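What follows is chain A paired twice: with chain B in the first complex and chain C in the second.
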Partner chain A sequence: MSMAISRRNFLLATGAVGAAGLLSACGGNTAASSTASSVASAPAASADDSLALTDGPVSMTISWWGGDSRHAAYQNAIKEFESEHDNITIEPTFAAWSGWEEKMAAAFIAGNAQDVCQVNWNWLYNYSADGSKFVDLNTTTNFLDLTQFDQAALDACTVANAQQCVPVSMTGRIFFWNMTTFNKAGITEVPKTLDDLKAAGKAFQEKLGNDYYPMHLGAYDRMILMVFYLESKYGKDWADPITSTLNYSEDEIVEGLNFIKSLVDDHVMMNLKDYYSANSDTATHQSNEWITGKIAGIFEWDSAASKYASALDDDNKDGFTVGEEIKFGDFNGGFSKVSMGLAITKTSQYVAESATLINFLLNEEKGASIMGSECGIPASKAGLAAAQAAGAVKDLVADANSKVMAFTTNKLDPLFENNDLKASGTGIYQEVFDSIDYGDETPESAVSALLEGMEDVGYTIG
Partner chain B sequence: MGMKASNKIATFFKYFVLILVGLIMIYPLLWMISATFKDNSEIFAGIGLWIKNPTLDGYRGALNNFGGSINILQAMLNTYSYVLPKVICTVVSACIAAYGFGRFDFPGRKLLFNIMLATLFLPQVVLNVPQYLLYNRFGWLDSPFYLAIWVHCAFATETYFVYQLIQFMRNVPRDLDEAAAIDGCSSFQTLYKVIVPMLGPALVSCALFQFMWSCNDFMGPLLYVSTPGKYPMSLFVKLSMDGDTGFAWNKILALSLISILPQLIVFFCAQDQFVEGISAGAVKG
Partner chain C sequence: MKESKAPAVGRTPFQKWLDKYQGLFYLIPWIIGFVVFKAVPFGQSLYYSFTDMNFFAKDVHFVGLANYITAFTTTKITKALIITFKYAFITVPLKLIFALFIAYILNFKIACVNLFRTVYYIPSILGGSVAIAVLWKAVFSKDGLLNTVLRFVSFGLFKGPEWLSDPSYALWIICFLRIWQFGSAMVLFLAALKGVPADLYEAATIDGAGKWRQFFSITVPMITPIIFYNLVTQICQAFQEFNGPYIITNGGPRGSTTLISLLVYNYAFKSYDMGMASALAWIMFIIVCILTIIAFTSQKKWVYYSDER
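Entry: the complex of A and B
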């Protein structure tokens, strides 16, 4: 008898634990969809004067994702910071990007994330859409100088009327060309107009052969270029940056899809079917065509420049060139986005110290010159100046970044990069562009799949 | 004479086919070894083994110690410091649980067995968040002894192995249990004096599988280990993989190669038992 009861209790208990887990797992999503629509423009919070640095020993934590050189930069900067503030010790946690969001999501839910976290921009919406996870940095301005950042960049990090992170760097898409191949095709200047692109397609096909292309774009890249095209034609954001209400009509999107298709038809871009048959789902910079110069252009994040440049073989390496943004219509197309931010978690006991650390990393000469362009080209003006003076900025990336920042005016909405849309292999973007390239759908018939997929992730379609 | 010659030809072809297939099977491993000496553009340029511009950068990079916080040797030690308890706990607890289900008839056995089997179909992603919250309550996150990673194995949570052992146990005649009982063995003594020795190969294959899976486990350590000094190999190998700005594949491959060496050694040592264990349940008799 007693056994039966305890067994039942056991089952009840396990059931309860499971249900709690499911609930908390769903919590993030519900919050995300509810807040997007509830943004008010109340005045920003002012500095909280009760915040003060502690005199006693402080042990705080910081987390980031990245590669070898970023790990080293952060660690060196932290060492420098600790030597300036000898009562503070900082324990870092770091790894590569893969799996990192899952780790941090669990930590945000459990409330034990690090004091200072490097965050991806859409995390603000995914995990703290109600402002419950990150400190409003407007309250920390006694320690963290926000005036070094562009207001537009700061606004992009304002969610639930709170400055939830500072933008470490901004990024956007730009063309990169392999001029070695372009020269072989008799073209000496980077394409600056749509006509240049089409002429390059023709020249490549005639002079170099059918397997040479001026550029290759994967499905997600195509989506971004399509939005770029539409924005430069119609001069409006793809969707409202706060409520994710789509600003384009079905006809306009069909026009965009037709534009991408025309690039494929005119031999400017490789047909996806051909690309997959040679490379399956291998990324462009790892494809034989890119390495050997048969694909001579990409439309990528400015920060990806060094990855693509270093992948080229010796014959092609010198030809890698940052291109110009192309104006397809009357307006400047394309968006810039916050590539990553630094945030302070609400569970932190050391908000003032955390803000001081962020200020050191991004704004102060010592910190910023160590960080250099390891987290992208610094968005902080003082930080950028210090990093450049120290020669710690990659020229190629800086060049690309400055062109992107000078050109793009549009804003990104938080759902654009939703995984259900952009995932390679399973995302809606890929489904749409694949079906057109395989000839299963026309742009006119494919648009409904795109709109349905967007609606499913939370877009409002007018 | 003719017989001998045709025998020789037959043997030649047998070996020829075997060597050919063997080469195809081992080619990826050989490629991996050769790729540790190539740079990125060479790695992606083709699948040949020939190295045009050999470089040792991969191995030099593998010695990176991330500002003194973690190095390859420490990462390997860290890995085995939780893999060993995990393997031992799994084998012991799975064996006891299998003994219970396989040899005893108790009320609710079928239901419990079904529930246990049902957990086999529960994907790990579903468990991540509840488990994380639970271990957070226990204070096991970032525990210096990796408690969150291996303790649950002491409670026969690795259903697959329990199931596998139950199947093996069916082949152990009950007569042996009865004989042991007549000789005065308690049920527990029957287990470790009679059944466990008979299950030897099956237990070895459980241990080997668990060993390999645990060494390869990435998500578990990523969730529950936060101090870089405690990172195991699976995290260490991936530390440099920055998808944004690119990274040197030769380093990743060199690290992978070094990290699989102990596993290869363990596998070769236990190979005979392992193969026997896999095939033991295949034929009844």
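Entry: the complex of A and C
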């Protein structure tokens, strides 16, 4: 029997072939929210006495991002909470950071985010600038003790006159070094000055070869170091933390870009092109160069210490060391910020129970001692005391955090971490630093792209 | 709809009605799915493309053709469009040729042919995944498998290019991933090759035609409907490609692998600018439609159907 194909059968089989799928992903619901108003200017709301714990069965949800050890800590703490409140069951949702913000943004839009959400600080501005997504926690003080937190940290989480989240921890950037490699290069002390950094670059190149670098920074990390350098030099915030008005002139930013370029030219940092050729866009701690000690330093969030330390191979693990903040000028550079917060979504039916859970995780002895430093050094005074008493605060993280908090004086504006600027692959920061490292632009010509990109996301450029 | 040929004698009006329309009931799940997941978003995206719709903005304003004008006047987007065309024009012909070549070989009676068919199909199952990203980076990194082989065969004289960081090579890495996943097209070609009547080959052999002549004068014309089908589907898929560049290069280096689908994703889910994302999706839809129409129009000249004389 002939199996040759007739036109009719062919058209029947292929009739719907087209590109409809390309379009169907772009439909969605219109969301309601609005532009930012910022830190509180009206009196804080008082406790809502109508909130009460439910006697009957309660099934609530919580979400967070993180690594395995954080997942375990949350799950153990939840188990403990459930045993204390036997009418409450909690369903957790958790994953690694990659893709998490997109997932949560979609949930906020759809109104099906979890009752309690671990939130990034700038999410308050990005997703709830009008206070439409998260409950004002000032109304929950019958269940959540806000007095355990510094007022400055609470203020940082106050957007649209509402305490939209409670700070879990504070964080900032600091250098971490792999001293095993530094020792091989004949360096026995962590770099403390810019000259030390440049001397390390030279020593690495001469004694270990061109494949070894004192540190590596991705584009966003470079931007943070550049701001750190400029703040250290000029003693002013990168931008006004409320209005996002840029405090630096074009010439000053060019100086900052030239500073980063000089670190690349002096073999302190790996050229981004060289990094991509071996790793594409793989994160530094997952790169072969970091694991084997060829890249011997980073400038990272203090809470990232464990992640980078545990990624090192056995030959290098013991050399992981918390460095010192480096003063590049007359001032202390760098900023600290709320690392993450816990918020209650306005769609939650169990606000009182959610507040009770947050209080358990952050303030109460049992919860805080289980959570330890898995989300950074606890911002809650009671939580920190409980975690320390239980020996649940990792020395590495505590050491890094104390150095950051003692050193940094500047404030961060919420637009600094805007996705259009910091996104890997397409963000303006990456565009700028890639273009310089590829030799397509000079710092003098690249600065305009940076300023234009910043203006596009809402910065006021002087 | 054609009426059922079941005997109508003695049937109640309800049964007759059921005979007439029950087919529709079977279609309802598909129709609901189509309306909810395709038709409605399809219409919504068209509407959004004429607005400044943003997930986190309170108001939506009609902006006319502004998004479309921006699309064609923004360097980042026009560059992505050009790269997408390059990607499609590289991958579609090469994938079809490669799939046909392998299918032709696997159509012979050779030992372990089923094993080979399975092995060649496996890459299509893998699709775009983390495992593939790891594999591709291991093969194409500076000191990866490919450069190691190149160094070995050139006795160390040739170091090999920086595949992942050089903008002039990176697109080829992504193209190669797609071409490597030729299994589905190969299976269709294989089915078509088996459908070519054997008596045509016998007649050609008697007439003295060699294998090459038989291939180009019998095989290819007889399987042109499947070539055409594969061509259309591969064009559609190539213009919608997302996974490869997303997982391997994230659009880099220097935007050299930023296909338009990646920009749609970034506008929609990183910047939440659904207006722009929808406009880009519609631009791609129109381009794919035009290419599909060209393909359908041209088939009169080169596609052979057995029921036509």
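We adopt the following convention: the second predicted complex is superposed on the first by the 410 of 462 C-alpha atoms of A that agree within 3 Å, B and C clash if a C-alpha of one lies under 4 Å from a C-alpha of the other, contacts with A are read in each partner's own complex, and residues count from 1 in each chain.
One rule holds for everything that comes next: contacts are C-beta pairs under 8 Å (C-beta built on N, C-alpha and C of every residue); 3 or more make two chains touch, one makes a residue touch a chain.
It should be emphasised that the depicted structure is a prediction, and the values quoted were computed from it without experimental measurement.
Legend: residue contacts after superposition of the two complexes on their common chain; A:Arg70 is shown touching chain B, with no touch to chain C. When the two complexes are overlaid on their common chain A, residue A:Phe94 makes contact with chain B while staying clear of chain C.
In the overlay built on the shared chain, the residue A:Phe331 is in contact with neither chain B nor chain C. By the touch criterion stated above, A:Tyr220 is placed in contact with neither chain B nor chain C. In the superposition on chain A, A:Tyr438 makes contact with chain C only, not with chain B.
Legend: residue contacts after superposition of the two complexes on their common chain; A:Asp130 is shown touching chain C, with no touch to chain B. With both structures placed on the common chain, the touch criterion links A:Asn112 to chain B but leaves chain C unconnected.
Within the superposed three-chain model, A:Ser287 lies in touch with chain B and out of touch with chain C [touch as defined at top]. When both complexes are overlaid on chain A, the residue A:Asp274 reaches chain C alone and has no touch with chain B.
The residues of chain A shared by its contacts with chain B and with chain C are 7, 17-18, 20-22, 24-25, 102, 105-106, 109.
The part of chain A that touches chain B in the complex is made up of residues 7, 17-18, 20-22, 24-25, 61, 63, 66-72, 75-76, 79, 91-100, 102-103, 105-106, 109-110, 112, 285-288, 291-292, 301, 303-304, 306-308, 310-314. Across the interface of their complex, chain C is touched by residues 2-8, 10, 13-14, 17-28, 30-35, 102, 105-106, 109, 126-127, 129-130, 273-282, 419-420, 423-426, 430, 434-435, 438, 440 of chain A.
Residues of chain B touching chain A in their complex: 40-41, 44-46, 61, 64, 66-67, 69, 108, 126-134, 136, 141, 218-219, 222-223, 226-228, 231, 235, 238-247.
Against chain A, in their complex, chain C makes its touches with residues 37-38, 40-46, 48, 53, 55-58, 60, 137, 141-143, 162-166, 192, 194-197, 222, 225-226, 229, 232-233, 236, 239-240, 248-254, 258, 261-264, 266, 268-272, 274, 277-278, 281-282, 284-285, 288-289, 292, 305-308.
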